[in-house]
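As structure tokens, the structure follows; a few thoughts come after it.
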């Protein structure tokens, strides 16, 4: 078993566990944060498979922009509930 | 109970997909691909690489061989940002109150970080034909610097009209450069500038110019989406 | 190995689309499906452990073994489009909330 | 030069280990911020210095990029940790055994 196989097994199992948590968690904000962690793990998978361009793009977009869009949606809703 | 049943069914579906992929002749196993049988083998041949002149082969496919495809994808992004503006845009707008007063450290620190992020994003855009990166991640980094300004300053409003103007300018210049290919060469988006030697900063013909335009277009579109999400209707 | 994980990631996103009744959770499930699909398409182009990333420094390097650059080029643009579609879906979710005051599909049906 | 770079890399890895251990072991949020940012700032700093010493011989063009990364980490880590600390204070999740509360004396509301 090579080092690549070992790393890919670890990354694959973590991907599945975090995806299950993201889909099944009760609070919406936890689900969004698990989605962010999932895209960071996807960056590791892209680097493992020698795709640096895709890894940079996913790191910028998946961790920052998509998460911020989800959080802004949840924030606007919570403010309206307070009023 | 219903959840367990659904999990079992989807697990079975995954097994069926894996078995179906393993038994076909046309789908080689993971890591045992012969590139010369694929269409990518032609992209990796010496004549084609010389013709485009980009050191990053992914860039030479995105902007060199498949530019028309990229034009369509940029159009899809434009339409989705238009849809967001159509759904969320109101007449009387005010900025969403994030209920946060920035202190001195956050204000000064975010200004210095903004400069570093902008310099890095332009570096990534300009070196798209030499190193990993290019217009798409660089444009997303420009948009994330706008996001940083929104988060660090509670009064900041971006100039949304300026972004719209920049986006239209970059998009139309992108198409005009493509149309000039019909004049100076034979085809739409033909590479009519000298390509230079592979690996130099000034090489690859029209690829760096198009990538800068794509970066500006993507950045201004995503910044417009962020601005639409952070505004809400003004209550009287 | 990582190819099987990506297929199960896709299927897990499908499971999330089946069981969830919350609009935000549905969009999260769509994003999980999207990530699984990206990893699968990248894994199609992986050539072997001795291959290197498709960046050359001069034309003599073309004799080396590279991974397939075509799936990477397709995924690169698809990720950026994913942001646009996610933003559009979230905007629709926001306007759904403004109409029904809830994200839950069942409560929406009761109030209608 | 190579031995110097290895020494710095080992120091950096050690501080990363201590930072990760601190996040697990510390009792409340403020202490965890302390462990998670201060130790890892020094860790990242020494790892990059180690790479810098290692790249003097072969990769001279890496040096300006590494210096920019150092500046980025040195600015972004304290700003982020102070913002997290402020958010923790406002979320009323502060420990009971707080001896001095400067923000309350300055009239900030929780």
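A, B, C and D are the chain letters, set down in written order, and residue numbers restart from 1 in every chain.
Throughout what follows, contacts are C-beta pairs under 8 Å (C-beta built on N, C-alpha and C of every residue); 3 or more make two chains touch, one makes a residue touch a chain.
This is a predicted model, so every value here is computed, not measured.
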* **Partner chains that subunit A and subunit B have in common** => C
* To do: Averaged over CA atoms, how far is the centre of subunit C from the centre of subunit D? Could you give it in whole Å?
  => 32
* Asked: Rounded to the nearest whole Å, what is the centre-to-centre distance of subunit A and subunit C, using the mean of the C-alpha atoms as each centre?
  -> 10
* Structure fact -> CA centroids of subunit B and subunit C: separation to the nearest Å works out as 15
* Structure fact -> Distance in whole angstrom between the CA centres of subunit A and subunit D is 23
* Structure fact -> Check: subunit A positions touching at least 2 other chains come out as 52-53, 57, 61, 65, 69, 73, 76
* Structure fact -> The positions of subunit D in contact with two or more other chains are none
* To do: Send over the residues of subunit C in touch with two or more other chains.
  => 1-2, 4, 8, 12, 15, 19, 43, 45-46, 49, 53-55, 72, 76, 79-80, 83, 87, 90, 94
* Make each chain a node and each touching pair an edge, then name the shape: line, ring, star, complete, other. => other
* Go through the chains and record each pair that touches. => A-B, A-C, B-C, B-D
* Structure fact -> Within the complex, subunit D is touched by subunit B residues 103, 105-106, 109-110, 112-113, 116, 119-120
* To do: Flag every residue of subunit C that touches subunit A in the complex, lowest number first.
  => 1-2, 4-6, 8-9, 12-13, 15-16, 19-20, 22, 24-25, 27-29, 31-32, 35-36, 38-39, 42-43, 45-46, 49, 51-55, 67, 72, 75-76, 79-80, 82-83, 86-87, 90, 93-94, 97, 103
* subunit B partner contacts - residues on subunit D that touch it in the complex -> 68, 71-72, 75-76, 78-79, 82-83, 86
* Going by the contact rule at the top, pick out the subunit B residues touching subunit A in the complex. => 3, 56, 58-59, 96-98, 124, 132-134, 136-137, 140-141, 143-144, 147, 222, 225-226, 229-230, 232
* Touching subunit C in the complex: which residues of subunit A? -> 2, 4-5, 8-9, 11-13, 15-16, 19-20, 22-23, 28, 31-32, 35, 38-39, 42, 45-46, 48-54, 57-58, 61-62, 65-66, 69-70, 73-74, 76-77, 80
